[in-house]
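Before we start, here is the structure in question, set down as structure tokens.
Naming follows writing order (A, B and C), and every chain is counted from residue 1.
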Amino acid sequence: MKSITKTFPGVIANDKIDLEVAQGSIHALLGENGAGKSTLMKILYGIYTPEEGKIFFNGQEIRVPNPRAAIRLGIGMVHQEFHLVPSLTVSENIALGYELIRNGLVDRKAQRRRIAEIIEHFGFKLPLEKPIAELPVGVQQQVEIIKLLYRKAEILILDEPTSVLTPQEVDNLFGVLQNLREQGKTIIYITHKLREVKKICDFATILRRGRVVGRVRVADVTERELANLMVGEQVIDYIFPRSGQVGEKKLVLERVSAIDDRGILALKEVTFTVNAGEIVGVAGVQGSGQSELVEVISGLIHPAKGKIWLNGKDITRASPRQRREIGLAIIPEKRKEQGLNLNTNVVENVISTRYYKSPFSRWLTLFDRPAEKFAQRIVSEFSITMSSLKSKVENLSGGNQQKVIVGREMIEQPDVLIAAYPTRGLDVSAAQFVRETMIRRRDQGGAILLISADLDELFAVSDRILILYEGQIVGETKPDETSFEKVGLLMTGHFHAS
Amino acid sequence: MNIDPLTNVLFAALRVMTPLLLAALAGLISQRVNLLNIALEGLMLFGAFFAVVFGAKFNSPWLGLFFSIVFTTLITFIYALSIIELRANLIVAGLAINILAVGLTSYLLVVMFNARGAYSPSDLVSLPHLNLPLLKDIAILGKVFSGHGVLVYVSWILAGLCSVFLYRTPQGIHLRAVGERPEAAETAGINVKGIQYLALLLGGVLCALAGAQLAIGDLTIFNDSMINGRGFIALAAVFFGAGKPGLTTLGCFLFGLFEILQFRLQTSANIPPQLPQMLPYLIVVLTLTAISFQKKFTKRMAG
Amino acid sequence: MQAELPHLDPAASQINVEDSAEQIPSAILSLSRMLLTLFIALLMGALVIWISGKNPVEAYRALLQASLGSRTAIANSLLAATPILFTGMAAAIAFRAGIFNVGVEGSLYLGGFAAAWVGFTFTTLPPLLIIPLSLLTAGIVGGVWCYFPAILRSRLQVDELVTTILLNYVAILFTEYLVNGPFLVPGLANAMSPQISESARLLRLLPPSQLNASFLFALLAALFTIYLMTRTKFGYEIRMVGDNPQFARWSGINVVNVIEKVMVYGGIFGGLAGAGQVMGVHYRFIAGFSSGLAFTGITVALLVRNSPLGVLLASLLFGMLRSGSATMEIMTDVPRDLIRVLEATIIFFAAIEFGNLLWRRHREH
């Protein structure tokens, strides 16, 4: 792939990327979340079309307008969420869309025969007639791979294949991949897990922020060097002064475990404290349990185990409103879905957490003027630009939308603030403004838990940093006592001390 | 021992089950592509109406059946178009079809036949009943299974075909894929929209048959409340059967049995008819509740 | 396989301004949309009339004459509008919160019966006592009836659409049983309850029309609902939950509570609508007395995109249509069922509008 460029509104996902993959190799595409790995492969698989760039396959230029075309060219992709139909059997899933037909009916026998051939040839073992829903995830993934082989794929793209596997299943997978490599297949392995890259991959291309930052032969580098390439040199333009004094415990989590909406344990015995006058940052790759952490502290879900204290009170079973009453403010992860009502104006958005209290309402009635004054105060204090107070929030820019949320949550000096990715998608000045606001609040005695995907930000703003990996706190450190590299290693599952 | 009452009940239950079964099959196919078909009720009414009207016009129940299928499917096509292409809200559109059915059929009934509420063309014969040659002489089985109307037998055949269709034909497999994991279907190159149209249109045909059975299957009569919620009871059967044709058929049979038993009870015992009539609806509500309960429970258990 | 319905959002319709049309005041835009829908419906109706060999112009003229042509005609239109005011508000409130409460018809029947029961049981009470008592009972019964599907939805996520439709049948059958069984009045052709006492009857406002005090109650209820939606905390909560339930939860709004309240509110109004019919028009409970009154309410709410003021105006309009259609039938031979056809067309177009709004919004995220 040469000079591939792909943009989405507001962001350059792939910036003139060159990728070369040798046949019969396992090639890792390495990078943090948002680095552009998935996007690049989706271009190869025909889900996206690049603005610029060309793709060459075996020396010939090719065009991939859609996945069907990719399959025809011999390119196959196994996505993170499998594209398997639960009630269909293994063989039906493998043959989906490419069935063998006899007399209008599916020729099960012939299909089974052909699949059995492939399975044997590549050394798999699968129960062909069981419905997918009954099989463990590791086996399902194998089915996905066989699907590709059934369609005669030569290049197999695997997107974060081990994110849903147990360690044993991972070993199984690696055996399979080595087998495939011996048979001459080419595998592109998207991941952020360094240990795996070292274990199974021959080459690696490292992406950061949409650009290629390194091309290596895996045998020639150490995990540390890979980590460095992934997270980059420590480039902090501005470090805020660290906290003057740290006060009492404001937010305490004790052995909190939580289940996500798929029924999987997303937080495992998480324990930490946030004190008054400090900012605690949480670093971790996407999917380490951050969403569940925010939800469990906010009261949207109840922990399966453990306790939470806020301002000294046990809030484990308290409702979101009760928590806010005790002193919690939340900047949620998803600005549009969780933080705002896009369909209405700024005034109605900023009173959403306090409309039921005086002076905004009394008995049944809601008063307009106090709400408007309040909104006006937020708009000026947080420098929000808009045409009028009455215009719909969905017409505001992303940065201003975020400021509405930040304003709403911080204007009344909350004791404890949970901020989830508060500067995501903001331009530099808006992001800086948000950070300054948090620092100011901290200096006034607020306790802030900051979850961010931006290590620069975490290092600049936090007094302490916790590293979250697969639902557990695997490390705690102070930004002045550590480095990007060390944090990067912890984030990606490398636990051993430097 | 005289088991005539028993065989009579079974015979009647099989007869009564037919429109339910046909509508349930329609609902089942729609459900398998994840398009809840609320319009079964209205489409059945259309089916009944067209069957009577065209039957009377050509003085042939077969032509009535034929045109019923044609016109009901046409209306289903408009319904499908609005949902699939115009992205109409599935439920509201279904509601519209149901109200349209009631309004339009009543309207046309007055305009065409000067009849308000009910219409029974005197010289239209019903669809034939079949006395199955060998079966009719076998003692018990003959009494129960022989002598039904054509559409009754057709409905059983269709139930079987439905099973074959869903599990053995490529289109059926694709249909199930579209309903369960549209992303998987898309990447497999399946024409999702085409499958959705297919499902709804097949449903339209089945609803036409269901309505026709009610209108010209035994007596030839149309009246504007003749469907009486069967469209929703059929949905109940679909939920009961969890999308499997065999279980759904069983559900329809049970509901048919209920209906007959309730009729018999009316005449013999002194239970007012409305009370047993309420049961199917309550059962569905309970079933839906149980399903949701189970979902919540299993989630809590996990991890 | 789950009995899962695609997620519905009947509230995804509150006056939405297109990006390109930002200059046009949103109110005018939505008004013109409604008028357009109405116009298309009338066109459909005209088509149907024309196909059946009648003259649409004549028919519509007769309709207009019969609904507005004289004092009595107007009174009759207001009479027909009365229950629709109630059911329209009931539907609009629920839809605005994103809840598809189709169970108002059931509340209508049960509430109507409850009012009748009070009326023919406590025959010795004076009007000042029995009228409020009847209304109260009707409202409570109607509200409680909608409470069951409400908690199924709010706590177990059982989709309220299917449950409310099915429960309607249960309510209709149950009241039918009551008047055919325990409360049967022997010797009458139609199943109906005994008459309510004189004191329980609502005042006639403009004889010879049957327009009665229930119209005033309906008007009051409508005005209260307008106030509720625009000026109260509850109205704010309804709107936030309807626009973005996740946002509401994250902000601390008790969404479960809001859902239950709107459905019960709808049930109460349904009960009052039934009571109005019983106490003001028929003076007894007649099985099957509602010719889809709750569904007309739904149509109205869908047409005006849940705006309470719009419901007020549209209910009057539909009252006109309903009352005028009976005379139209007599004068021009165009059956009154045409109104149902108009309703269906309006709902159909509302379906397309909703679906598209939802889809566009889904795409933006």
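Basically, a contact is a pair of C-beta atoms (placed from the backbone, for glycine too) under 8 Å apart; a residue touches a chain by one contact, two chains touch by 3 or more.
Bear in mind the structure is a predicted one, so any value in this text is a computation, not a measurement.
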| item | value |
| --- | --- |
| Most widely separated chain from chain C, with each centre as the mean of CA atoms | A |
| Highest C-beta pair count, chain pair | B-C |
| Centre-to-centre distance between chain C and chain B (centres being mean Cα positions), rounded to whole Å | 29 |
| Where chain A and chain C are represented by their mean Cα positions, the distance between them in whole Å | 46 |
| Sites on chain C at which at least two other chains make contact | 1 |
| Shared-contact residues (touching 2 or more other chains) in chain A | 87 |
| Residue list for chain B, restricted to those that touch at least two other chains | none |
| Residue ranges of chain B touching chain C (in the complex, touch as defined) | 31-32, 34-36, 38, 82-83, 86-93, 95-97, 99-100, 102-104, 106-108, 110-112, 116, 229, 232, 235-236, 239, 242-244, 272-275, 277-278, 281-282, 284-285, 287-289, 291-293, 295-296 |
| Chain C-facing residues of chain A, complex | 87, 298, 300, 319-321, 323-324, 330, 332, 334, 336-344, 348, 351-353, 355-356, 361, 364-366, 392, 395 |
| Contact set on chain B toward chain A in their complex | 164, 168-170, 173-174, 176-177, 180-181, 183-190, 298-300, 302-303 |
| Chain C - residues contacting chain A, complex | 1, 14, 16-17, 22, 228, 231-236, 239-240, 243-244, 246-254, 365 |
| Interfacial residue positions of chain C with respect to chain B in the complex | 1-6, 8, 10, 48, 52-54, 100, 102, 149, 152, 156-159, 161-163, 165-167, 169-170, 173-174, 176-177, 180-181, 292, 295, 298-299, 302, 333, 335, 337-341, 343-345, 347-348, 350-352, 354-356, 358-359 |
